[in-house]
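In structure tokens below, several structures.
In the two complexes that follow, subunit A is the common piece, with subunit B as its partner first and subunit C second.
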Partner chain A sequence: MGFLIETAIAGLMSGVLYALIALGFVLIYKASGVFNFAQGAMVLFAALAMARLQEHMPWPLAFLLAFAIMVVLAWLVERLVLRHLVNQEGVTLLMATLGVAYFLEGLGQMVWGDDIYPIDLGLPKQPTLVLDKLIPGGILVSNEDLIAAGSAAALVALLTLFFQKSGVGRALRAVADDHQAAQSIGIPLSRMWVIVWSIAGLVALVTGMIWGSKLGVQFSLSLIALKGLPVVILGGLTSVPGAIVGGLIVGLGEKLAEVYLGPMLGGGIESWFAYLLALTVLLIRPQGLFGERIIDRV
Partner chain B sequence: MSALLEAVPSPADAPLAPPPAPVGPPVLQLDDIHLRFGGIKALQEVRFDVQPGEIRAIIGPNGAGKSSLLNVINGVYQPQQGSIAFDGQALGQMRPALAARLGIARTFQNLALFSGMSVLDNIMAGRNLHMRCGLLAQALRLGPALREEMAHRLVVERIIDFLEIQAWRKVPVGRLPYGLQKRVDLGRALAMEPKLLLLDEPMAGMNLEEKEDMSRFILEAREEFGTTIVLIEHDMGVVMDLSDRVVVLDYGRQIADGTPDAVRADPDVIRAYLGSATQEG
Partner chain C sequence: MLYRENGQFKTTYVSDAQIFPIRQDRWFIAVALLVAFVAVPMLGSDYLLRALLVPFLILALAALGLNVLVGYCGQISLGTGAFMAVGAYAAFNIMVRLPGIPLLVALVLAGLMAAEAGMVFGLPSLRIRGLYLAVATLAAQFFSDWMFAHVPWLTNDSSSGSVTAPRLQLFGFGIDNPVRKYLFCLAILCVLALVVKNLVCGRKGREWMATRDMDVAAGVIGISPMRAKLSAFAVSSFITGIAGALWAFVHLGSWEPAAFNIDVSLKLLFMIIIGGLGSVMGSLFGAAFIVLLPIFLNRLPGLLGVQASTSLVSHLEFMTFGVLIVVFLIAEPHGMARLWSTAKNKLRLWPFPH
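Presenting the complex of A and B:
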């Protein structure tokens, strides 16, 4: 029993991180109708920036500086890439973000180095033993994971509030729905894009920071974005709650599958379980669990 | 092709005489507009003005350049030659963002609503340029931001009442029937409190009842909000009843400009419409 709960908690913790990556995808997709392939590269770039800056200053300062760098990056992406592609097909924009992804991976390693760098947030490493009266042996919970999950949840709550309740959030949703109409009511497309890419940069930074503090910052960080893909398929590309729930389901599912089905199937389930799950959802509910219903009038 | 047949003037259904256009500084003045796409001349020597409080129609057969002209006024297209003056101020290059800031609102022929958002949010989005409070204040729902939101909400509610769409306030517009979506489109434009409202075929694809409703809303919008309106329409019958003055385009050229009665009787206009009718029929 204790072991099951511990496995579940570990799964949910990595689920929170998957949810964060998926959130990066969903934010940009919702606000500009672009599937941002560069999200993984942004995570790597932000984490690298933070790790290298942290060598010279306390981490909160490094965090703020790294965020500022991500804002500048958002501005550059708008200026140099998106601005020229207003009113273009989604596929064109998708290809553009693919280009941005490769560029960022290269630039990140050129500027910040291509070694493995630690991020130290000074979080307590010792786990806490809880529920030891209820369950024999008790349950070990990692404090570090708890704090990480808590801050991720706070970030998500803040972003949801921002998107649903603020005028800028409404303008962002308007831009996502129709560029031309948004322009006609005086929503400045370029500024909105800078805002949303900055927010995605912030999400990337937080993801990279948490992940990096656990495993170190290295190139493979850009590949964890691939774990975000099954999550957005599961949760729906347009839904913030979907990204969160999807992330938790994938995290929980793959850990439980690894532990309980692994021995039967020869192990290694964790690496493909999420994709299988996503494939199943695609077959049954192509818009994802929380996505907008697809209505095609023929 | 009933729209084209209606275009043939018949004295029997002549409309009531519209009020004469007021004389004053025009809201909009187009002078000698030329627009080309590669070798295609979309607009040539177009020149007309729009007076304050006027309902000005632009009509013409298919492909006459009506939508291009609207897009020139709105800044989507930049003409190669000619000048635009808005509110007495000469403008070199019009851009969509500038047009919106100057107070030019528009609706779309093929609806361009924010279909995932509710009716309320769509119309609220039209208030975008009137929003003053900062990002953070809005996100955290601070006092001034909340007060501002409520003030805008009042304006929007007035428009919702005006368009008689109270019952659908919270419904995502994607689920509304076409006629109602057209009203929301108009509502969003009205929410900008525009000095000039551009309507791109407001009656396209509507049935008779919906057309009558829309005509009423357009006339009342002018009365209630004092908006100057430029509208493009295919359906000549509707235009003649609604507008004070009419510009007629054919193959990108302006072939007539005057009161509906004068335009109706113009031999060039008759030829343009009948000519295209014989070609199509």
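Presenting the complex of A and C:
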């Protein structure tokens, strides 16, 4: 029992990180209709920037600087790439973001170096024992994970507040709803895109920071975006709550499957289990759990 | 002037339906085939054949297969590498377990296996479409990566996980030197390209294209979306499966599952988008571009006389690759095939102004 709960908690913790990556995808997809394959590269780039800057300054300052870099990056992407590809098909845009991903991976490693760098946020590393009265043996929970999950939740809450209450957030929701209508009432599309890519950059930075403080920042960080993809389609491409719930489901399912099914199948099933899970859900609900219903007209 | 169809009248249905309706096109194809089959093997150096032309031909074949699915039928797939892997491992198992089986038979059987895998992973396309489908096809990719690394039977219980191709023989000739490898791949590419060209001009191709342009409308006018989509998946995976077998047997020689990872799938998608969606010629252009680009980028510092460390070169390669893709998409989102047809249109009048 204790082991099951511990596994489940570990799964939920990694689920929070998947949810963060998925959130980056969903934000950009909603606002600009771009399926941003570069999210993983952005995580890597932001984390590398943060790790290297942190060597010279305290981490909150490094965090702000890295965020500033991501804003500049968002502006450049809008200015140099997206602006020229308005009205292109989804695949073309997807390929363009793949180009951006390659560029960022190259640039990040060239500017910041290609070793493994630690990010030290001064979080407590030792786990705490909880519920030792209820369950024999108790449950070990890593404090670091708890803080990470807490800050991820805080970020999501902050973003929700921003989207629901602020003027810019309202404009962003309008753009997400209908580009043309938003533009016709005077919302500047290009500035909205810069803002939403900056927010995705912030999400990438937080993801990279949490992941990097656990495992160190290295090239493989850009691959975790592939973990975010099934989460996105499971939850629905256009839904923020979907990204969060989807992330938790995938994280939980993946850990449980690895522990309980893995030994039967020869291990390592983590790499595809999430996709299988997402596929099964999609067969029943093609728009994902929370996605907008797709209506076709001839 | 050079490319003018004046005076070429189509007087029969057969001549109206042929795949190269214009005489200049037929001449061009004939000359191109002559150059490819006769001049290149005679003049090309071993390095050129082995390191450039053989990979180009095989990747062009795989791109052609993917183009059937993405360009003609409109189903985005990010799992091409998986179907190539199925083809490669199927061919390997067939040749190891049934000694003496002719190479071509093994290749076709491997292609059929890949087609079957393609149809299984194509099933979700009946329910989901667009970007959702693109992500769903990644399931094929990761599942095949895992399967070929974790099921020992498939790799004939090889302890390291890597397998080596048996000796290849065709009608008593060993396919062992670069010239023969080149000719073998070229022949297969030509045959399959002709098949695809015929398919897309016929009934099946029109079904695919109708499904691509609007599947609901296609369903309304009596095209079964299921048959159209699954047949596109089958044909596409058949071709990519054969390409995978060739890539493993002829180009690599010995390989492990990582040879068919997601990078391969993405590169193939690049090829058809840069080359041109829905165009046989475009697949060839795209493959040529993607094969040549890294070689060119690798040589560039040397040509400019700059000393650069290998890691710097590889980072720069990544960056240039990314930039070129973006620039290309912005400059010509319809790919090189569009440039090609624009050039042909220009040639109708050139060198006269009217």
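Note that the second predicted complex is superposed on the first by the 294 of 298 C-alpha atoms of A that agree within 3 Å, B and C clash if a C-alpha of one lies under 4 Å from a C-alpha of the other, contacts with A are read in each partner's own complex, and residues count from 1 in each chain.
Keep in mind that, in the parts below, a residue touches a chain if its C-beta (ideal position, glycine included) is under 8 Å from a C-beta of that chain, and two chains touch if they have at least 3 such contacts.
Nothing here was measured: the structure is a model prediction, and the numbers come from that model.
Room for both subunit B and subunit C is found when the two structures are superposed via subunit A, with no clash between them.
In the overlay built on the shared chain, the residue A:I185 is in contact with subunit B alone; subunit C does not reach it.
Of the two partner chains, neither subunit B nor subunit C is touched by A:M264. Judged by the touch definition given at the top, the superposed model places A:S166 against subunit B, while subunit C stays out of reach. Rounded to the nearest 10, the angle at the Cα centre of subunit A between subunit B and subunit C in the chain-A superposition is 80°. In the superposition on chain A, contact of A:E105 is made with subunit C only, not with subunit B.
If you count the residues of subunit A touched by subunit B and by subunit C, you find the higher number for C.
Within the superposed three-chain model, A:L158 lies in touch with subunit B and out of touch with subunit C [touch as defined at top].
Between subunit B and subunit C, the minimal CA-CA distance in the chain A superposition rounds to 15 Å. In the three-chain superposition model, subunit A touches subunit B and subunit C at no common residue.
Residues 158, 161-162, 165-171, 173-174, 176-178, 180-188, 195, 238, 292, 295 of subunit A are the ones that touch subunit B when the two sit in their complex. By the touch criterion stated above, subunit B contacts subunit A in their complex at residues 74, 76, 96-97, 99-101, 105-106, 108, 112-117, 121-122, 124-129, 131, 133, 135, 138-141, 145, 149, 174, 188-189, 191-192. In the complex of the two chains, the subunit A residues touching subunit C come out as 35, 80-81, 84-85, 88, 90-92, 94-96, 98-107, 109-110, 114, 226, 229-230, 232-233, 237, 265-269, 271-272, 275-276, 278-279, 282-283, 286-288, 296-298. Residues 70, 76, 124, 127-132, 134-136, 138-139, 142-143, 145-146, 149-151, 214, 216-217, 220, 262, 266, 269-270, 273, 277, 311-312, 314-326, 329-330, 333 of subunit C touch subunit A in their complex.
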